[in-house]
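Below is one structure. I have some questions about it.
The chains carry the letters A, B, C and D, assigned in the order they are written, with residues numbered from 1 in each.
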Amino acid sequence: MEYIIEMLNIRKEFPGIVANDNITLQLQKGEIHALLGENGAGKSTLMNVLFGLYQPEKGKIRIRGKEVKIPDPNVANDLGIGMVHQHFMLVEPFTVTQNIILGKEPKTITGRIDLKKAEKEIRELSDRYGLKVDPTAKIRDISVGMQQRVEILKTLYRGAEVLIFDEPTAVLTPQEINELMEIMRSLVKEGKSIILITHKLKEIMQVADKCTIIRRGKGIGTRNVADTNANELASLMVGREINFKVDKHPATPKETVLEIKDLYVRDKRKIDMIKGLELNLRAGEIVGIAGIDGNGQTELIEAITGLTKTHSGTILLNNKDITNKNPRKITESGVGHIPQDRHKFGLVLDYTIGENMVLQTYYKKPYSKAGILNLKEIYRYAKNMITQFDVRTPSIHTKARALSGGNQQKAIIGREVDRSPDLLIAAQPTRGLDVGAIEFIHQKLIEERDKGRAVLLVSFELEEIMDVSDRIAVMFDGRIVADLKPEETNEQELGLLMAGSSTKKAGEN
Amino acid sequence: MIDVLQSIIPTALFFSAPLIFTALGGVFSERSGVVNIGLEGLMVMGAFVGIVFNLTFADALGGWTPWISIIVATFVGAIFSIIHAVASVSFRADQVVSGVAINFLALGLGVYLTKQWYGKGQTEMVSQPFFSNDIPFLSDIPIIGPMFFKGVYTTSYIAILFAVIAWYILYKTPFGLRLRSVGEHPMAADTNGINVYKMRYIAVIISGALGGLGGSVFALTIASNFSHSTIVGQGFISLAAVIFGKWHPLGALGAALFFGLAQSLSVVSSSVPFLASVPDIFLLIAPYVLTILALAGFIGRADAPKANGVPYIKGTR
Amino acid sequence: MSSSHRLFSVLIPIISVLLGLIAGAVIMLLSGYNPITGYAALWRGAFGDAYTIGETIRRSTPYILSGLAVAFAFRANLFNIGAEGQVIVGWLAAVWVGISVEAPMVIHLPLAILAAALAGALWGFIPGLLKAKLGVHEVIVTIMMNYIALYSTNEIIRNVLTDHKTTTESIHESASMASEWLGSITFFSRLHYGILLALFIAIIIWFLIDRTTIGYELKAVGFNPHASKYAGMNVSKNIILAMVISGALGGLAGAMEGLGTYGNISVMSGFSNIGFDGIAVALLGANTPLGVVIAAFLFGTLKEGAGEMPTGAGIPTELVDVIIAIIIFFVASSYIIRWALLRFKGGKSK
Amino acid sequence: GGGADKEEETKDADKGEEETTTDFKVAMVTDIGGVDDKSFNQSAWEGLKAWGEEHGIEEKKGFDYAQSNDKADYMPNLTRLIRDEYNMIFAIGFELKEDLNKVAKQYPDTHFAIVDDVVEQDNVASINFKEHQGSFLVGVAAAMKTKTNKVGFVGGVDSPLISKFESGFIAGVKSVNPDIEVDVQYAESFGAADKGKVIASNMYNNDIDVIYHASGGTGNGVFNEAKDLKKNDPDRDIWVIGVDRDQHEEGQIGDHNVTLTSMVKRVDVAVHDLSNKAMNGEHHGGEVLEYGLEEDAINVATTNEDAMTQDIIDAVEDWKEKILSGDIEVPKTREETEKFLEAL
């Protein structure tokens, strides 16, 4: 059997940690090979080694049977390796075309970039692989899905034969995920080979041919996907059984906590993003907002939390009007918020994890008194939270930046939950996390519900919505178009509703 | 009105030229992600070299002296700026700190060497400075001619030309695309096979060259000699022009010209009837106040290149 | 790990200063001077006797405050190049109150100091406001504000405080920080009580930055305005507050000159450089109050000592600027020193 | 009391070998700028050197200077020289006034002199120059030279000292021809060549053909602009009047020279003179010494023979006589100028 890429016994160390310890990965031409492992297991590191961003301490890399050294991404490109990074490597103010050709620009004889030629080439590529993009649009104006297609085009433009995808679906909507799966299949059909990193077992089962599992930097083994199942993969990865079915009792909703009436919100361009939205949320229930990205979810959350001004309508919390109050007021009246973008909103990355734990409460007793911080109290509290929420960090004095995504998320959840808010908003709380961490977070949300809090869950992942919610509100075009019970619907129906095909109220059928 | 324009435009042109060169240098450096507070120092170096070279070789080179002087100053400015590049690109120094050091170093070294070589704190006046001239034919056009083409310095037009060239390079060529990408998202550039360090070195060296050029043009069109007070704040004004111009070569050009106009307007005003009654102090601070008002009024928010000021360390994000 | 971190943060500045001095020695050698004579003169100029020691401390005093001004803004991610203008208006305001108010010292002196702080604060408020509300880059506005301060102050000295003179009369005794006693123990140096105030304020600023909710907010806003807004902080308010406090510190640096060293203010033909040097002091001091205090003394020492170099050793004073520049470079390039130290250490242990 | 102890201490080792030929030592403290500023620091130093030469004294042993790089240096410089036991110390420039005032009080046994201002202390002689007289005479020259009947004055920083120049100049111009317009502009800096050039450019553009500058380095810009215009149009009459010393050299452009004349202020004469007096035990502490035309401490340069034609020189001489004889009193301030002009 001929391998296009062989990474043999790779070892990569970082100060204080062995990220890759004797890992072997063999990729055949024309296959989709999944790479599975918990957060921090060493997947990205391994791929960065292959892409020439890191140099391994030990091990060999063979390409098409020939041993190679890959000192930098240029060499990787020349060897036909392309990588779609977990965090997109796109220059925001540049156009799609500029991003794709960057570093390999076609020139006219006068030394000018030959944009026409470039655009033509991109059009050809995008037609051939079904990667729809607008070559003249700026990156900052296009959707995440299109950004990802740009990343793929970048690798194809450079003639990549092997494509590495690092958690490509973490940022995509279900529709976009389906499209991506299609794209991957067509890439393979065209003779490309793919390494896919993902935490979603379903996706692996769906498209991958093989799956290599790593745990804490060590290779556990490779399985033929056809010969295995999700449960086996999960337990190989975590080293224990994983409970996929979320355990929960039926909800016992009580008084109304959140009531939104006829809400309108406009974005910067003065376009209505929320158009007369109505929503009720009661204590002791989890309402999941299902919807495709861009249908007003972000605006809804920002309006409730005071980060954006509403145009009209009212938002009542425990029957008190909190419309357009400042974020501090709103938090104090009982709202907790796990933000979608944890780096931008959730944490001050340059603060220590200890300092981050009091981001919402630093001005209150006992963390400060008369404007003077009580560091002892803050650190005592932070230590406590870290143990309670299993945040894995060297110490509370470690900068938040140095923590892995899952641990950052746990810290935020701990901070928000511990304030016992009447309303807890969780936006994409499990994005990019491994199954173990997801399980933990789902449990926490349900615990909160059982303590009598109202939980608003926004997620693009239908599975998560279906598993965790007591009630599902489908959002489309700035409105709630359906209100359903999870046990009375299925993913098909939700998908249709999310695409705006019909409306439905709970209990109608 | 035309009278006023005819007297302020030529002065604005020579006043602005050194600022334009230097600001363009700032644009290159900051577009690549290296903050350059050291523009002032680069100008000092340029002025120093321009004057010293001119004084030394005036006899040998005759009419070519000023031209060769500014070329040499450009060259020395480029070399001098390597210090900033090494510190801020290779040594990952805080770029603001390194720039401040450049300012101290240039002035200290310039005056120190002047004292060593000339035995006094300031040089003689050069005998071969730049002279203004009338541009044939164009200067005969009514109204426009006297405004733009009579008694102008070739260096002023070179400055404007450089701004256009800088725009072309930054926005139309592969080199420019790469340079800007390095200032926005160095890691993206790196994964695309662009050598981030090399690009930043080149950009800083270009800024050194242009800063040196700006300083020497100032010295050879305006000051005529070198002392500790030859360059006092022009570099900072150039830095302001970089930001005012939103890190765009043509914006920087516009900002520098705006500043030159405001400056010469404040001088000319005393001879304009309806402004003559304005107390001098208001005319004196007018250029600075106008700049602030322009920014607050209609220029507004400017977004720096995203990675500006952040040392790039391979393998981190 | 953390103890070696602490060790490095002490070692690196020391090594930087040594390297700067070595470089200065090399330059002296190359220009045909004897470095030992040169440095002996520098030392005499700064610490030769009680007088020079007094003057060195006096010179360092405003640097502490202007350094704090720049450093404080930096902590909120703002670059205050305008400390210079804030120093000038603070100086003016202090002298103004010192001259025009008559009151017992317990009222007059604090009042004059307060006036300086307020004037500086106003000079910081404008760029802060423009930054917070309109997103105007503080660097340009503060540069422009420097010139406005310089020219307006000159105008006020000439036409308001005096009748077309270049220097105001002296402030009343009741507003003066000058001290006969401090002078007498330092042979008539101009050492004044401002140094105590400056050190006290450095402690306050340290406390403010590291131990109060205000400091917590300012730093948070500087690091990540989005997260700060999300956490309920008022981002605009914090930006303005940071600039106001920074400006007030600059104004206080001016008060040191107006109420301590000179007791008056003169028309200036150029900038005082106290504010500009404050940038270097802040950066040398790594933007921490303790660091700023140490850096201010280093700066004061070098600048004061430089005065003796031409007379004492025939060396131009500018050499000291070169040395300062090199020290700043090495402090900035701490990464490379750290790297070299680690190699050295590693090499030894192997 | 403290001062005396001090003096004992500072006789340290490396100065031990010094042996002065005379025990009288003189030194000066410059204002910002060095002894090579081509202006009065330089002139004062030249006076001191001439004095040293006259008495066969070596530099650094019997006479020396201390250079100030900024305002904060004056005091330490003064003190340093006192402690180095100089008997007579000159403070060059009005900027040193306040500091000298304090030092003089602290060291009553040292003799001081200040140039360009008045310090009322028993041990301080105040050297003032009658710049208004010289400015009056160059004003006469300007008035004779102008063809457009418009002349300009560029000041450095507006101050009583510089308004002496301004006042004398205006009075001189108007005395010759009251119809001549005088445009007065200040750059608010002694080191802003760019501002100087902008102002000069504007003045020449408005038909002004003679500019008198009293603006230090700012004047470089004025010379630069004048030379540029001259270079482009050698036939055009463009003139600059220099200040403090003969600025003939600054005006040279090819075969032409734009420096009409200069108002020369012989600080050296005053310093030399006063040093000798002090050496002879003749102190003028507490007095204001006025150096002017009589003492030959104020001159009008005639280096540019082509420009300073005989009739101009004659006119200048005429007016000089009138001043010396007391026929006219040259105004020193703007108020005095107003009165002076009314009386014309």
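What we mean here is this: a residue touches a chain if its C-beta (ideal position, glycine included) is under 8 Å from a C-beta of that chain, and two chains touch if they have at least 3 such contacts.
Not measured: the values here are computed from a predicted model.
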| item | value |
| --- | --- |
| Contact pairs, highest-scoring chain pair | B-C |
| Averaged-CA centre spacing for the pair subunit C and subunit A, given as whole angstrom | 47 |
| Between subunit D and subunit B, distance of the C-alpha-averaged centres to the nearest whole Å | 35 |
| Where subunit A and subunit D are represented by their mean Cα positions, the distance between them in whole Å | 75 |
| Shared interface positions of subunit A, touching two or more other chains | none |
| Sequence positions of subunit C contacting 2 or more other chains | 151, 270 |
| Residues within subunit B bordering two or more other chains | 228-229, 232, 284 |
| Contact pairs between chains, per stated definition | A-B, A-C, B-C, B-D, C-D |
| Subunit C residues within the subunit B interface of the complex | 27, 31, 79, 81, 126, 130, 134-137, 139-141, 143-145, 147-148, 151-152, 155, 270-271, 279-280, 283, 316, 318-326, 328-329, 331-336 |
| Subunit C-touching residues of subunit A, taken from the complex the two chains share | 305, 307, 326-329, 331-332, 337, 339, 344-351, 355, 359-360, 362-363, 368, 371-373, 375 |
| Subunit C-touching residues of subunit B, taken from the complex the two chains share | 83, 87-88, 90-94, 96-98, 100-105, 107-109, 111-112, 115-116, 228-229, 232-233, 236-237, 239-240, 243-244, 281, 284-285, 287-289, 291-292, 295-296, 299-302, 304 |
| Complex contacts: residues of subunit C adjacent to subunit A | 211-216, 219-220, 223-224, 226-234 |
| For the subunit B and subunit A complex, residues of the former touching the latter | 172-174, 177-178, 180-181, 184-185, 187-194, 306, 314-315, 317 |
